[in-house]
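Below, subunit A partners subunit B and then partners subunit C, in two separate complexes.
So, the complex of A and B:
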């Protein structure tokens, strides 16, 4: 579903006869990639049938009896499917919009830093959280928020004369905490991609603008941002395809899997994990994965259709 | 070092909870006393003494079969596992022609690894899916039925079954035996508050081991302790990721009929009505106490999020005690008092034990080995506690009491395995004088006199698995917060009950009631 790797083909159809011989090296170059996709992404798709079977290992995965949609029932039985889908999609929307804006802003600001050393330093600092495991991050957050020893409850709130807050029992704070943690952690990586795109913009544009007397702000608005459009669109489509998936670490580890927070922290992934952890039912897991894949696929096609409407040449297919 | 002790204690608890929870119409107390005091003469690593009553064929002459057996740990594989394995093989190769290979894995990883191993065809001959659902293993076709294997290869397991131990009969599903449980050294269940003796004394209370304390008395005790030690949390309670209610440790008797409590329980010893535990008055009352304690600062504020265990919080002095089953083995330190909170009773026994996966290459040899673990307590103790002189020394032979050799402790010992999964516990060595068999027998006798109506019945939740998955998710969502008192009851308790109903708890309870009624009609 995600072969964005192949890149764009020229929209103008070639009239010339393509000679096979000339193409052979290109196909050869493509072979490793194709094999990779075949083995890792297509062969396992046979496992989709597991979602419709009552798995019996004695008979083997592909001889187990069919059971129709029984495996999907548990997703609906909880009555929480709505909350889960809402959380998954809304958080992802916020992450995409806020993430893009912040990352571009930071990338532009960094690009304006003239000192090479300072620029490197900031880049590294901003990227650092991205390299951290979510488990480590969850303990950093815990060090701030815990009730008994947390920095906020022990130092900040008493200093302000406020009562301690049991963060892990209060739903209201978590949408903000999660968005903050996600941005703090993820911004370094997308920032680098945008920074690379900005660095790639030819200096001639800026020189010409300066000659015409354009201010810094005008240069950013009229040159940098429009040049970033293809990158933004590619990144957007990539994230949209993941819209139905959630960062398991963020939603499971960071809120410490506190049940009372589920209305604002539970996503499809964490629900499936919690529900199946003790049940060990491959059929139900496959069913949840199946739904995620289908919806993800629909979302990619829809996002691409939308982009084709807005700006045809930027669409991926 | 501290950590090691905590782990050990947690292990001991695990064994205890197994012993405490798995309970059924076993033999009567006298009989078990008579067998319980049988002690072993074997004194060194050589183990030349023959097994007591039952002997298999004197010397094995046939081929030696290779058996791969899971070895559950709590995360760390013992350094001397190979040495113990060699010592085991010295016994078993001669006696039953089996050479065993331990396959070490953490009990937590086992939840996902065991089915994966079998699904990928990895050879395993003996497996212990600890605290996992036997029904799933059966319905997914992961394990072999054992009836004919037991009939041909396991005279001692049959013998124990005939004596009344339900080590095979409680693992029957669809008329076949699928697992063999350990022989517990204690039967029955009851609740208690396990607390450092010094605090009890300080509060001016003389601990009466037979008295059943009320939650109000406990509240007074907590208040006194908080007054004397403002930084102490008298009520240690850890509920992160918990899906099992601790209600039965604190405020009443229930029998979950061999399945998870949220699938419906019998309340008290006279009831034959399967009800939703969480909807009962007693349960609500329990939650109200917890909420009160939380607000008064008796409960650790990070109870729902901490990774620490009850035992580690107790060790570090953060808390003074915790709710636990009242079985003798739960008294893990000398200076603890078990304040009884409920009567001791006997409930239906859950299923679980050693199984033979379908990937086994030597099922018969595996069964011979399994059988010998029950027959030969030297073998069971060897797997359980290691090599004498190296990993333990006998302190008092008459009560099977052992201790660490000079200069060795739980942290430095190369073999310290406290997961009790091997053979007949009645003959297992003990580390603490509070765990002697006569104490266990006294406990068993009390439990036997107070059975619930569900003894002998095991619920088969197979047909309700979808609903149970959903219910379990609801329980995991609300239980830790509710049972640590950390959220408002008026808002969250009704929400919890509604969510349970939406997940189909009433249908599951009806199914359980129906199976129970059918079983009762046959009695």
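So, the complex of A and C:
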């Protein structure tokens, strides 16, 4: 077959021309996708300069007048920047540390379950919340926390002889609620990633350990956990690179965008949304988005360089 | 020695099962409360709160949905249309693009691939994107506003599908077809697509859930309630209720009874998640596969 193919090839001077012609259909195939990336991703990238413009919807993205760093000055002066950056980073830190620990624990335990049917069954159920939209999650949370009808206020607290709590007006509870909801929704997802890594560990290690009389706990401590190290590092660095981004749905939907709660629920993403759509303040929104994009990009590149150093093949690019 | 080990194993099994049952219950309890609450009598719910077993059972909330089917059915139809059109076009566009990129001798493929990867690292942010879709492409209040922005294609899926094409489709097959005179499009639809059902099913399923669950695009691009999707309908009801409770004193003229009660809203949420809950168990393995593939790269 190779022979017929080389036999068909034209002499060298024409080769390039004919190759191009053969390629035309492939470029045609790629056109819709590439056009999409151009519109959806590259035009907005060019439009990021809007952060330095006084936004005028009539003049549009590329013709609004320049205004230097005014948008950034307003953003700094609003005093909200510190809060939203602090919230974004702190929540991310808690999500990373708690999320990794819980997911690994659950994955190890699930791997211990012998029965395949039971294991599949647990996996299916624990992953279910991951498939729900944050709007639906906010309904689920509201069914528990609502002041008028919520299960906690109407059943749990009275049974304990405690007064009802207006959750959507009290800041103190939200860091816990948000962390809980995040873990509840996300644990199935991260657990599956670690479970796949555990399943991939060669059985020979465990056999050898068993022959040496190692207990189950010792096997987990000395074989499973060290084998998970590369996965943990990759996942950790990936999350660090997303440090300036937050799950908009979690921080917008679950606290129902309640203004009183902003000090503990406002993240960069909810600010960008609120400033653009509710406060008609596209300039400050663009400035916050600009900071997020730049720091975000620096973090991804740094994180990738770090992975490259630790283990080359896990690097993303 | 063996006895001690097996005893230990047994204890481990027990512990594992207990923790898993606990987590499963934790995962399911909110859904149970949601469903139970949607079947409870609305006045009772306000007086006594939701219960896991409704003390006063009622189908009022679902009757309300039937009465309001004009609006709710419409939202359902919007969600179905968006999910179907979005998923099918997404799969088609992704696989066409990835097939082109999988041609080893395609001039410029490295540059193009690099540009696609770059979209995963850097984004222009929401404001410029909003202005492009809103002011230049006029997607506001059209069905495309729900389908196109952000969801149609992402760099990560392109990487997944391209890798699959490169690794799992033997080049000999397409070469053989080529010699028989088949063009690239013919080869793509007759050979590549059918051979790639595993990856396309996984990607398509993830995509379908994303479209079904999306409320972000509605938030930005839809204000016309004729184009509300189920998720946006739920979101809007949320906002209205928050608005009412925050501004109750100024809203004396408004007929509060016209708004759906709490149980009715929950019933709408139930029918919004019903298709996912019903279909999910059959597709669980695809989801698990999609997630683990994602962990390898990205």
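We adopt the following convention: the second predicted complex is superposed on the first by the 232 of 317 C-alpha atoms of A that agree within 3 Å, B and C clash if a C-alpha of one lies under 4 Å from a C-alpha of the other, contacts with A are read in each partner's own complex, and residues count from 1 in each chain.
Just so it is clear, contacts are C-beta pairs under 8 Å (C-beta built on N, C-alpha and C of every residue); 3 or more make two chains touch, one makes a residue touch a chain.
Here the structure is a predicted model, which means the values were calculated and not measured.
K.L.:
Tell me which partner A:256 touches in the superposition: subunit B (first), subunit C (second), both or neither.
P.N.:
both
K.L.:
Contacts for A:146 in the overlay, against subunit B (first) and subunit C (second): which applies, first, second, both or neither?
P.N.:
both
K.L.:
Have a look at where A:274 lands relative to subunit B and subunit C in the superposition and call it first, second, both or neither.
P.N.:
first
K.L.:
Taking the superposition on A as described, I'd like to know which of subunit B and subunit C A:73 touches: first, second, both or neither.
P.N.:
Only subunit B; A:73 stays clear of subunit C.
K.L.:
Please work out whether A:57 is in contact with subunit B alone, subunit C alone, both, or neither, and reply first, second, both or neither.
P.N.:
A:57 sits against subunit B and subunit C alike.
K.L.:
Answer with first, second, both or neither: which of subunit B and subunit C does A:215 touch in the superposed model?
P.N.:
second
K.L.:
In the overlaid three-chain picture, which partner chain does A:25 touch, first (subunit B) or second (subunit C), both, or neither?
P.N.:
second
K.L.:
Which chain, subunit B or subunit C, ends up touching more residues of subunit A in the combined arrangement?
P.N.:
Here the partner covering more residues of subunit A is C.
K.L.:
Does the superposition put A:205 against subunit B (first), subunit C (second), both, or neither?
P.N.:
In the superposition, A:205 contacts neither subunit B nor subunit C.
K.L.:
Following superposition on chain A, which residues of subunit A contact subunit B and also contact subunit C?
P.N.:
The overlap between the subunit B and subunit C interfaces on subunit A comprises residues 55, 57, 61, 142, 146, 148-149, 256-258, 276-277, 282.
K.L.:
Report the residues of subunit B in contact with subunit A in the complex, numbered from low to high.
P.N.:
Touching subunit A: residues 111-112, 115, 118-119, 132-133, 136, 139-142, 240-241, 243, 300-302, 304-305, 358, 465-470, 472-474, 476-481, 486-487, 492, 499, 502-504 of subunit B.
K.L.:
Applying the document's contact rule, which stretches of subunit C touch subunit A when the two form their complex?
P.N.:
1, 5, 8-9, 12-13, 15-17, 19-21, 23-24, 26-28, 30-31, 33-34, 37, 45-46, 48-52, 93-94, 96-97, 99-101, 103, 105-107, 112, 115-117, 119-132, 135-137, 148-150, 152-153, 155, 158, 172, 175-176, 179, 183-185, 188, 209, 212-216, 219-220, 231, 234-235, 238-239, 242, 262, 265-266, 269, 272-273, 276-277, 280-281, 284, 287-288, 291-292, 294-295, 297-298
K.L.:
Spell out the part of subunit A that touches subunit C in their complex, as residue ranges.
P.N.:
1, 4-5, 19-20, 23, 25-27, 29-30, 32-34, 36-37, 39-48, 50-51, 55, 57, 60-61, 106, 109-110, 112-114, 118, 120-129, 131-136, 138-144, 146, 148-151, 153-155, 184, 187-189, 192-193, 196-197, 210, 213, 215-216, 231, 235, 238, 248-249, 253, 256-258, 272-273, 276-277, 282, 285-286, 289-290, 292-293, 296-297, 300-301, 316-317
K.L.:
Residue numbers of subunit A touching subunit B in their complex, please.
P.N.:
Within the complex, subunit A contacts subunit B at residues 54-59, 61, 70, 73-74, 77-80, 142, 146-149, 166, 168-169, 256-260, 262, 271, 274-282, 284.
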